[in-house]
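In the two complexes below, chain A is the common chain; its partner is chain B in one and chain C in the other.
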Partner chain A sequence: MAVSSPPNSSNRELISSQLADNRGIAIPAAWRTGQFVLMGLVALLAIWYAIVGYRSPAGDTGAADNFSPFDLVGFAIAMGLIFLTTPTAWVVATTTFHEAIRRRWVTALLGFAVVMLGVSTFFTWMQPGSQQKFLRDYGLGFTVIMTLIAAVFLGVALITPEIERRTILTILSKPVTRAEFLIGKYLGLMLTLALNLAVMGGIFMLSYALFVVQKDGADALTGGNFFANLPHLPQAYALANRADGLGVSLNGVGSDVVNLGRALFLHMGTLSIMAAFAIMLSQFLTGITAIIVSFVVYFLGQSAAYWARLSGGSGTGTPVLNGPIRTIADGVYALLPHLDTFDVRERLVNDLPVGLNYMLKAGSAGVTYTAVMLAVAYFAFSEREF
Partner chain B sequence: MPPSNSQGEIAIEPVDSLPVAAVTPTGETALESAGDVIIQTHDLNKTYRAPFSRAGKVALHDLTIDVKRGEIFGLVGPNGSGKTTTLKLLLGLIKPNGGSVEIFGRGPRDVAVKQRIGFLPDGPYFYDHLNSAEVLDFYGKLFGFSKELRQKRTEEILDMVGLDRTDRKRQIRTYSKGMMQRVGLAQALLNDPELLFLDEPTTGLDPIGARQMKKTILKVRDAGKTVLLCSHLLADVQEICDRVAILSEGRLVKFGTVPELVGPSQHFDIYAEGFDDAALQKARGLNLPFERQDGRIRFEAESSEGLQTVLRFINDSNARTLDVKGHSETLEDVFVRSVKSDARLS
Partner chain C sequence: MELSKWGALAGAGLLLVSYNLAQPGINRLRDTDAIHPKTEAKREAYGPSLVWLDRLARASDEGGTVYDPRTNKLEGSGKVKLDFSVMSSLMVAGLASGFKSQVANLLWMKSDEYWHEGLFTRQVPLMEAVVTLDPQFIDAWSTAGWHWAYNIYADIATNPDNIKGGPAVIRKKQEAAVATGLDYLDRGSNINPDTYRLWFEYGWTRAEKAGYYDLKTVELYKTARSKSDARTIEVQGPGGQMVKEKGLDILGRTIGHLWERVPDFDKAQDQYANDLIGATPAQRQILNVAGAAWHRYGAGYTDIVDVYRGGDAVTKADVKALVPNIEEIAAAQDLRQKIAGQTGKDQPVGAYITIEARYMPAWRMMKADDLDGAINEMIGVMNVNEKFHLEGLPVLKKIYELRGDSPATIETALTRTRADEKTSSQDLGLHFLAKLYEMKEEKATDPTEKKALAMQAYRTWYRSRARDALDFYALRKTRVYEDKYGFTTPDDIVAEIKKSRKGGVPDAAPKTAPNVSGYYGA
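Coming up: the complex of A and B.
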C-alpha cells in the first residue's frame, strides 16, 4: 500500500520561491556576461574575417576566403544563438550528452576506434620506409571517419526519436522554449562528439608520439620492440635533448603532434557543420534518407575546391565551365559546406604548416555555416506539431 | 519508508499528506486572466492537412470553452472527437488554424505558463537510459530548482506515487506500464502545478491504481488546483468532474456542470404484453417510443409524466403491464445520446 509522506511546508515555500519569477531557470548575471563576451568575440571574428581574411591570398587560405552575405547572416545568427543559449538549453545539453554516451553503439564505436588506434603502430609494416606518414594518414583518417559516422547518425537521431517516442511531450510542457530545446540538443551532441574526438585523438597522438620516439630514440638503446622500449622512453628523451647537440633526431615529433592536434581541432568544424546539417535534414526527411543525403553532402563538400575550379570562384582562375552549367556549379559551390577547408591532411602530408590565420578563417566558416543550418532547423522545428 | 506495492498500480497516500501547496495567493504574479477563468478558448479551429494539399480533416470546429480555477474539468468524446487535439492546442504542441487559446491570460507556449502547469500524457515515455530519480532531477533542473530542492522533491514525490526505492535505481526501459504511469504522474506534479492536464490518466492501471489516481485528482482539486482531464471512462468523469465538455467529430455538443448535463430526470423502461397491431399503430401515432423484446414490448419514458402516459395507454389498450424499471440518467447516457444525435445531424 502507499506510503504517506508528511506535508513539508519548507518544500512548499522553496518551490513557491523558486517559481516566483515565472521565467524558468533564472539567468545569472555571470552567464549573461559570458554570453556577451562570446558574442563580442564572434563580432570581432566577423570584422577580422571581412577585412583581413578577405584580402589575404586565396592560395594560403583556401575556400574560407570567400566572404559573402551568407557569412554576414551566419555571424549574426551565431550571435543570436549564443544569446539564446540559456542555462535551460545547457540542462538539455548535459542530458543529451549523458543519453548519447550511454548508447551502446556509441560506446562500441568509441571502443573499436580506441583499439584500432591503439594498435595502429602494428600496421606500419604495410608501408615500409614511410611509417610516420602511414601513421598520420591512418590515424587521422580513422578518427575522421569514426567521428563523422557518430556526428551524422547521432545528428539525424537527435530530435526525431524524441517525437516518435513522445518524450518531447513532457519536455515541451516544461519551461523550455523550442529554441532552447534545439540548441541544447545540438550542444549535447557537440559535447559527445568532442569527447569522442578527444579520446580518439588523444590515443592516436600518444601512439604516434610513442612510435616516433621509440623508433628514433629508444631503438638506439634496446632495438625494435615497442613495448620493451616503453620503460626506456625517458632515456630516449634525454638522448634527444642532449645539450651537446649530439642527441638522436626525433624527426620533429613535437611540431608534428601540434599540427596533428590542430588538424583534429579543425575537424570539429566538419563535425559541427555535419551535425547541424543532419539535424536540419532530419526535420524534413526520414532517418535513412537524411543519413544518405548527409554523407553525399559530406563527400561533395570535401570536393568544394573542385566546384570552385569549375566555376572559377575563390580565385582559382579561368572557369572550366560556362553558361547555365557554370551557374549551376556556382550555385552548388555557394550552397555546399566547404568541408575541404577543415581537412588539412594533405597539408600535413606535404609538411605545410596549419597556421593560426588558417584556423581562424576555417573556424569562422564553420561557425557561419553551422549557425545557418541550425536556424533553418529551428524554423522547421518551431512549426512542427506533435 | 519504501512502499510495499510497486508492480502496476499507483499508490497514493491519504488526502491530507499530499505535498501540494495551497492556492497561489492572489496578486503573487501578473499572470492572471479575468475573474476565475484560467483557460479560455474562443472559436478554436484545427484542420489537419497532408503536405502540399488543400484538403484536410477538420479535427476541431469553433470550440469555445472556459475552465475555472479550482475545478476538475472533463473533456470527453469518442475516438477522433478532438479531445487530444484540444489538449495539444492548450499545451501549445500544435497551432490552431483559427481562434485563440489563453492560459493564465497568456499564450500556451509562454514559458511563464509552463512554469505553472503539469502534464501527464497518455502513455508517457521518458529517456529510457535514465532511472526515475534522474528523470525527475532533469525536470527539476528545467524548473530551475536548486539541487537541494530537487533531491527533496524527487524523494517526496516518488514516495507519493509509490515507486519502490529499489526500482528508482533501475533504468526506465525496464519499467512496467503501471510504473511508467507513476513516473508520469510524478513529473506532472513535480512543480506543484496550479493547473494539471491529464490525458487518460488511468491507462495501464489496475482497478486499485485507477481508484488511487482518482483520489489523487480529487486531492489536487481540494488543494485549490485546477485539473483538466481527458478520459474515456465516463463513470469516473461523472464521479469526479465538476464540469464536462462532450465533443463529437470536432464539435462541442454538450457543455456544463455534471448535474446540468445529467439533469434530475429519470428514465423508465416499461415492459408489457397483449397488444394487437392496431394498438401498436396507435402508439406510433402518439409518439410513444417502443420496441419488441423477447415477445414483449418495451416502452421508454423520460419522465414521470411520460410514465403515466405509457401506463394509461397500456390500460386503454387492454394490454398487461409486466414490469417497470426506473433508473437515473448517467453521463454515459447523455454522452451516447449526444454523440448519436450529433452524428445524425451531420
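Coming up: the complex of A and C.
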C-alpha cells in the first residue's frame, strides 16, 4: 500500500519534527472541529436515547422496553473512534477503500450479487402465496452472505500482505502510528462494505418495490404485463402504498422499504464485528486459518440466542443445561459476538416495524464488541516485529 | 511491553464485560417473555423462536402419546416431540448460519416431492424441520396440521398392521394423529398470531375433524375473525390475474354455524341477528314472523306474499281469509329482502329464519323444561309430521289454486317442500334431539333410566354419524358413550339409514319418540 500525503501539506514540518517520538502529526484545527461536531451529534443521540429513544414505538412491545447505562458504552466508543480518526488514519482509510474496490474479485462479487438481487423476483414461485416473505428472506439473506464474504476475505487480507510485501515498513517509517494504521484499515474496510451494502441493498429494495407495485398496484389497476403498466406507475404506486392489510404488502410498499432499509442498516453491526474480528485474527493466524475461524465464529455468533437459552440467560430463565456443560455454554455465550442481534428478518416477515430503540441498543452493543476486537488487534499489532 | 498496550488488553476485557452486561436488555427486547412469561409458543419480538430448542432439550421429559408413522407406534407426548432424528445436517446448517428460511424452502420442496410420490410418512420429519427452521412459514404449519389430521389419519385405517390390530388400535392412532395435527396448528397460530389463517384452521380442524364444538373452538374462530386479514379474498383482476380484496365475514357465519351444530340456537340466532345483521329487537320480532310463516307453510310462504301482492282486490281478500296475518308476513318478507339485499354483505337472514322455523319451537319448550314436548316436536319436524310442522300446507295448496296452478304442479311443489324440510332439518335436528336426551339423562336419578336415556342419546348421535360420515362431533359423542357404557354399534340404525340412501337422500330421523322404558336394561 502506498499512503498518499496527509491532506494538509503545511504539516510537513510537523511530520519531520515528530518522527522521533512516533506520535504522528498534529491535528489541524478544522479537522478537530469537525470531529467535535460529529462527537456532539453522537452525544446528542445518546442523550435522546437515554431520555426517550429507548422506548418502543407506539403499539409495539412496550413491556420489554429497557434502558441500561451499558447501552451508552457504545455511544462513548463511537465518539472515541471519531476522536482517534486523525487525518492520517483517514488517509489510510481512503487508500484502503480505493485498493479494495479495485480488487477484481470484489467487483465480481458485487456484480454477481447485483444480478442475483435484480432477478430475485423471478424466484418467488418457490413460495406461492408468500411471495413477499420469500423476497424479503431471499434479498436480505443474499445480501448478508455476500457482504459477509467480503468482510471476512478483505479483513483477513488487509494487514498481512503489507507485512509480507514489506510496505508496512515504509508506512510506519512515516508519521503514522500503529493505532492510526489499524483504525484506518478498519475504517477503509467499513467504507468498502458500506458501499457494497448500499449497492446491493439499493438494488434489492428497488426490485422489491417494483414487485409490490406490480402486484398490489398495477395488477389491480390494469392487469397486463409490466411494460403495459408503466404509464400507470404513479397510480399503481399509490395503490401499492396503501396500508390496507391486503395484497403482498400489508403495510404498503413505502413502509416495507423503510423497514428493509433499517434491517440492512442493522446488518452493518454484523459486518463491523466480523471486519474487526478478521483483522484481529489476521494478527495471530495465517490467512486461510483466519478465514475458517472467522466463519466458525460467524456460525456460532448467529446461534448466540441458542447458547443463551441453553445456559438460561434468556427466555423462561430455566437453564436447559446443568453442571460443567452449562459453564461451557455460559463461557461461549460470554465470549461470542451475538451476531443474531443484528438479524431482524423474523421481524420483517411479520410486517412489524424495526424500532429505532432496538437499532440503537443493538448498534451500541455492536460498536462495543468491535472495539474489543480492535483493542485486541492493537495489542498484538503494537508488539509485532517486522 | 509498554503499559499502554496492557491497558489496551485490559480495556478490551472491560469492554467485553460491558458488552455482556448490556445483553439482558437486548434479549428482553428480542423475546416477548415480559409479555407472555408462561406461554410456550409465541412470536418473539425481534429474535427467532427458541421453542424448538426447549423441546429438543426436553424431548425425553415429555409424556403423552404421539403416533410415529415410521415405526407405526404410539409414543411421546400429547405434543409433537422434536428429536435428534429430525436434526439433519442441512437443518443444523440452516439454524447455525442464519439462513434458516432458505434451507426451509429447500426442505419444503423435498417434502412436496414426497407428497407427489405418495410417500406421506417421509414428509413427517421434513415438515417438523421446516416449521422449526422457518416458524413464519404459514403454509408449512397449515400443511403439517392438515397432513396429520387428514392424510395420516386416513392412512392409518388402511395400514394392514392396524387393520390386524382392530378398531380400537385404529381409533387410538387416529385420535393421536388428529391431536398431532392440532398441535401443529396450535403452535403455528401462537407463533404467528397476527394472521387469521392458522387460528381459523386450528378452530376448523378442532371442530370438523376432532369434533369439538365448544367454547375453545369459538374463541379460536373469534381470534381469527379479529385479525386484519380475516376477510381477505382473492378475486380475478381486470387482466385475468388474481388480486386480493376484502370479502365477506365468513368467520362470523362460521361461528353461527358452530352454535347451530352444538346446538345452542339462542347463541346462533344472536350471532346472526345481532353480530352480523345488526338487527334491532323490533326487527328480530318481524323476522320471527317470517320464521313462524316458514314453520307453517315452508319456504313457499314467499309465494303467498307474491300472490297477495300481485293479486287483485278479490284475490287479496281470498288470501287474507286464508292467511289472516298476511300483512305481517308480507312486512317480514320485505324486511328479509331488504337485509339480504345489502350490497356486499350477504347477510345470513335465511339462516336466522330457518332456525326460527324449524328448531325454535322445540327450543322454547326445552327452555320451559318441557323436554318430552321438545322431543316430540323435533321428531315431528324431522319427519314433516303436519301435526308439528308445515301444518299450513293445505292453505298453501289453496293459494296455489288461487294462483291458477295445475293440480300436478301444486302436488309437485308441495312434495318438494316436504322433502326439502325433511332433508334440511335432520342435520341440526338430530344434534338437538340427542342433546334433549342428554338433558333428560342428566336429570334422571334412577340409574336404569339414566342408562336407557344415555342409550337414546347414543343412538341419536349414531343416527347423525351414520347419516353424515363427516360429522365428527357425532362420532366423538358416540365414542364417549361407547367408552362410558360399553354401547356397541346399533346395527338396526346403520341398516335403516343405509337402506334409506337407496332413495337418494338419507333419512336418519327416528319415526316416533321411543318408549324409553323399553330400553331399560339395555
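Everything that follows uses one rule, which is that the second predicted complex is superposed on the first by the 280 of 386 C-alpha atoms of A that agree within 3 Å, B and C clash if a C-alpha of one lies under 4 Å from a C-alpha of the other, contacts with A are read in each partner's own complex, and residues count from 1 in each chain.
One rule holds in what follows: contacts are C-beta pairs under 8 Å (C-beta built on N, C-alpha and C of every residue); 3 or more make two chains touch, one makes a residue touch a chain.
Note that the coordinates shown come from a computational prediction; the quantities given were computed from them, not determined experimentally.
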| item | value |
| --- | --- |
| Touched partner set for A:Ser364, first chain B, second chain C, both or neither | second |
| Contacts of A:Ile325 with chain B and chain C, given as first, second, both or neither | neither |
| Touched partner set for A:Arg347, first chain B, second chain C, both or neither | second |
| Touched partner set for A:Ile77, first chain B, second chain C, both or neither | second |
| Which of chain B and chain C A:Leu41 touches, first, second, both or neither | neither |
| Partner chain in contact with A:Val115 - chain B first, chain C second, else both or neither | neither |
| More chain A residues in contact - chain B or chain C | C |
| Overlap of the chain B and chain C footprints on chain A, listed as residue numbers | 383 |
| Contact set on chain C toward chain A in their complex | 1-2, 5, 8-9, 11-12, 15-16, 18-35, 37, 43-50, 53-54, 57-58, 95-99, 101-102, 105, 109, 135-139, 192, 194, 228-229, 232, 237-241, 243-246 |
| Interface residues, chain A side, partner chain B - complex | 1-8, 11-12, 14-16, 18-20, 22-26, 87-88, 91-92, 95, 98-99, 102-103, 165-167, 169-178, 383, 385-386 |
| Chain B to chain A touching residues, read off their complex | 1-5, 11-14, 16-22, 24, 28-29, 31, 88, 91-95, 109, 111-112, 114-119, 121, 123-127, 129-130, 138-139, 141-146, 148-149, 152-153, 156, 159-160, 162, 184, 187, 191-192, 197, 212 |
| Complex contacts: residues of chain A adjacent to chain C | 56, 60-61, 63-68, 70-71, 73-74, 77, 126-127, 129-130, 133-134, 137-138, 141, 144-145, 219-224, 245-247, 250, 299-300, 302-303, 305-306, 308-310, 313-317, 320-321, 334-335, 338-341, 343-347, 349-351, 354, 357-358, 361-362, 364-365, 368-369, 371-372, 375-376, 378-379, 382-383 |
